[in-house]
Amino acid sequence: MRIAIYPGSFDPLTRGHLDVIERAARQYDKVIIGVGINGSKKPFMPAEFRLRAIVASTVHIANVETESFEGLLIHFARDKGAKVIVRGLRATSDFDYEFQIAMANRRLSPDLETIFLMTKWEHSFLSSSVVREVALLGGDFSSFVPEATHSIISEFLSLPRIN
Amino acid sequence: MRIAIYPGSFDPLTRGHLDVIERAARQYDKVIIGVGINGSKKPFMPAEFRLRAIVASTVHIANVETESFEGLLIHFARDKGAKVIVRGLRATSDFDYEFQIAMANRRLSPDLETIFLMTKWEHSFLSSSVVREVALLGGDFSSFVPEATHSIISEFLSLPRIN
Amino acid sequence: MRIAIYPGSFDPLTRGHLDVIERAARQYDKVIIGVGINGSKKPFMPAEFRLRAIVASTVHIANVETESFEGLLIHFARDKGAKVIVRGLRATSDFDYEFQIAMANRRLSPDLETIFLMTKWEHSFLSSSVVREVALLGGDFSSFVPEATHSIISEFLSLPRIN
Amino acid sequence: MRIAIYPGSFDPLTRGHLDVIERAARQYDKVIIGVGINGSKKPFMPAEFRLRAIVASTVHIANVETESFEGLLIHFARDKGAKVIVRGLRATSDFDYEFQIAMANRRLSPDLETIFLMTKWEHSFLSSSVVREVALLGGDFSSFVPEATHSIISEFLSLPRIN
Amino acid sequence: MRIAIYPGSFDPLTRGHLDVIERAARQYDKVIIGVGINGSKKPFMPAEFRLRAIVASTVHIANVETESFEGLLIHFARDKGAKVIVRGLRATSDFDYEFQIAMANRRLSPDLETIFLMTKWEHSFLSSSVVREVALLGGDFSSFVPEATHSIISEFLSLPRIN
Amino acid sequence: MRIAIYPGSFDPLTRGHLDVIERAARQYDKVIIGVGINGSKKPFMPAEFRLRAIVASTVHIANVETESFEGLLIHFARDKGAKVIVRGLRATSDFDYEFQIAMANRRLSPDLETIFLMTKWEHSFLSSSVVREVALLGGDFSSFVPEATHSIISEFLSLPRIN
């Protein structure tokens, strides 16, 4: 069985991410969405909400699983039996960063191939950080994220906050 | 009346910003410099000083106004009756980031057009972050910012600091 | 009257070009589409066909004129009384080339401002060279060009050829 | 059977190309190397030599076939039953060009997915044009191309030439 | 005596940095590695460890010295009698940032020339941030840093931590 | 004696080239301007005019020599006893191309170091191709090239032409 990992922080999942997931699911027998939860930087939404949003937004895709992971991606991939890392390329991707990460992973684990897929053109300018900014400033971000993700972000934003 | 917004954090205003303002003022009937004061990241100078520096450095341009805004840029533009967002392109602009923001604004407000102007070549490498770094390390940043801005930054830096 | 020039070889006009023309026509009182016909490189379609395609595809825009020009763009702009050059920015624009040209024009004619507009995201990957390649290889390029342009290219391609 | 096309002009095949072929051959059941022979620009080596070089340099890979094609890539892919186009990403790839082509192919044939693989870092600066330039100027290009390709280029360069 | 400064935060030194140091040492009579210790952002390793790692990893190069500095690079260079700043270019360098800094330094100190050297291709994707990430997540980063640096990072990571 | 080669086609020499030459002349004992005259593409000006323009424009720099070369740059450098290749970086340089060439030269001749210098900001958008285009269309290119080069281009353009 050909298994691919699609790693990210998905903070939150965008329509661009979902497009990549759907494309990857047509290419591989199983796609595992790996939600990185390394503690260094404080996320917009806690991992629990991010995972729920992904699960709720991918129920229509049979061969997708969602899981969080700590530590190195290559260890997570090895544990899952994945031979492929999937990354999305947007028109405005940070290619340099993507290349650094992919080359580092290749050195650490030469058998793990990184594969780049292009997102749909209409999502080619979307990023989680744009979604976060619009959401935090009270704008309408419904066209940027899958419907199920929109509900979960809205639920999260309506929680009482302690700062 | 054709009104354009030139948004930014202007932390601080550079000679490159001023060049864009002068160019925009020749293109539109009124240019509103919108100083974003969304609380997320701590600025180098408080909004009050940033606004004073802009006002003092643009007194020679009749059709320019300066105002701070909170919330989404598209809401500020709508409230001001502006149909155009102006952005400066430097040789070293982060095009990808500019594109993401402009495309997000277009989705949120399709009638609001983003227009890019090129800065003068001699300011093409200037950025607020370079000014901040030089200023904080005690260097001479007078050739990077308008004269009036220089005075106000110097005043700010000479204030007693509580950290 | 505020007049802008939108220069290019339009060999052929794409839907991305048309989108820029429509945006420019909302920004300026008159937009003159300047079709450069400098002899150096042999075009795909003769200027006559390129001009006809533009005229036919812009009949719905009242304040647009189409004209060919030889020689320097800055001279054409001066003759037409234009103070602004409009250029489209695609996600995949050659920024470096755009900047070189715009900076050279600014040195030659400091009062002429170059203004960049963003094309619609769905046309952000279109270029005349892609259209030419698909057309010459017998592919269906109807979604890449305006309908009226499609007819004129088809007419041109069906002409008997002497090579 | 999962079939992928790896298209190019391979004028000539480099070690970077071969690395991509080997990676693709591990990902798909069959990889068809499609040598484009559209007549527009005169190649360095005739298609016959380019094909021979590829065949000779890939004899060690069981699931690779080499074939020339005229016309559109999407038609070639359809005729071969391929669902995937493979492209190599070098550090110095022309991403913009790659994106334009891939997006055009997606519009023309939505079910055909383009997949990007990274070449090995030591081949990340190689290109056919560098090989051609070194070869034509009498330099030692043996470290840039597979051994079998080197022999065939040398054979080609030793042919009597009519110019 | 021709003296060059190679500035950076070296947090930590990578094999790419060491390659640049070795190249610079062949070009200049003396190379001073300047470790910037401006307080603004908290480093991964304290300056003391970073300096020790550099000294230990460059013992084989006779004409290299290592020193920390506070304040502006141009002042450090002037104090050291250096006329040249050396910077490494990786395939994935942030050219824009490098240009901004180099141009700012040129304005502040016109006689100080910035010189760019290319790292070896196999280190062209390495960065300190990748090393830090792999090290913090417990991965094997030994192929990314010089051996002596590896020991010192390991020593640092084994210290009891107060957070 | 430390000898550097500054290679190019200089078709024609620009003020940006001259700036790089002056900077290189301060860094090395001798700078040899190597004018490549490989026959493949037809130049704008014959080598004789290009060399005359360089010689006339660099008479004020004592340690500069100008020479044409055929064949590989690394062979020319070896013959001249040069250990360094100098290249100028403009804001709008084609980094990818520069990197490909520099990496190829490094493989072919590991001891030959390529060094990149930044041009002055006001020449950062100049290129020979812009000069050629303006000159051929009858524009005023005097601010783009050194004065002595301007005279020689004008002389060349006034020659009777056989096409």
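Letters A, B, C, D, E and F name the chains as they come in the text, with residue numbers starting at 1 for each one.
In the analysis below, a contact is a pair of C-beta atoms (placed from the backbone, for glycine too) under 8 Å apart; a residue touches a chain by one contact, two chains touch by 3 or more.
As the structure is a computational prediction, the values presented were derived from the model and not from experiment.
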Chains in simultaneous contact with chain E and chain F: B, D
Shortest walk length in steps over touching chains, chain C through to chain E: 2
Turning angle required so that chain D lies on chain E, C-alpha fit (0 to 180°, nearest 5): 180
Farthest chain relative to chain F (centres taken as mean CA coordinates): A
Whole-Å gap separating chain B and chain E, where each centre is the average of the chain's CA atoms: 33
Geometric centre distance via CA averages, chain F-chain B, whole Å: 39
Numbers and ranges of chain B residues touching at least 2 other chains: 91-92, 95, 99, 103, 121, 125
All touching chain pairs, where touch follows the definition stated at the start: A-B, A-C, A-D, A-E, B-C, B-E, B-F, C-D, C-F, D-E, D-F, E-F
List of chain B residues in touch with chain E within their complex: 91-94, 125-127, 130, 134, 136-140, 143-144
Complex contact set, residues of chain C against chain F: 38, 40, 71-72, 74-75, 95-97, 99-101, 103-104, 107-108
Complex contact set, residues of chain C against chain B: 23, 26-27, 84, 89, 91, 95, 99, 102-103, 106, 113-118, 121
Residues of chain E defined as touching chain D within the complex: 91-92, 121-122, 124-125
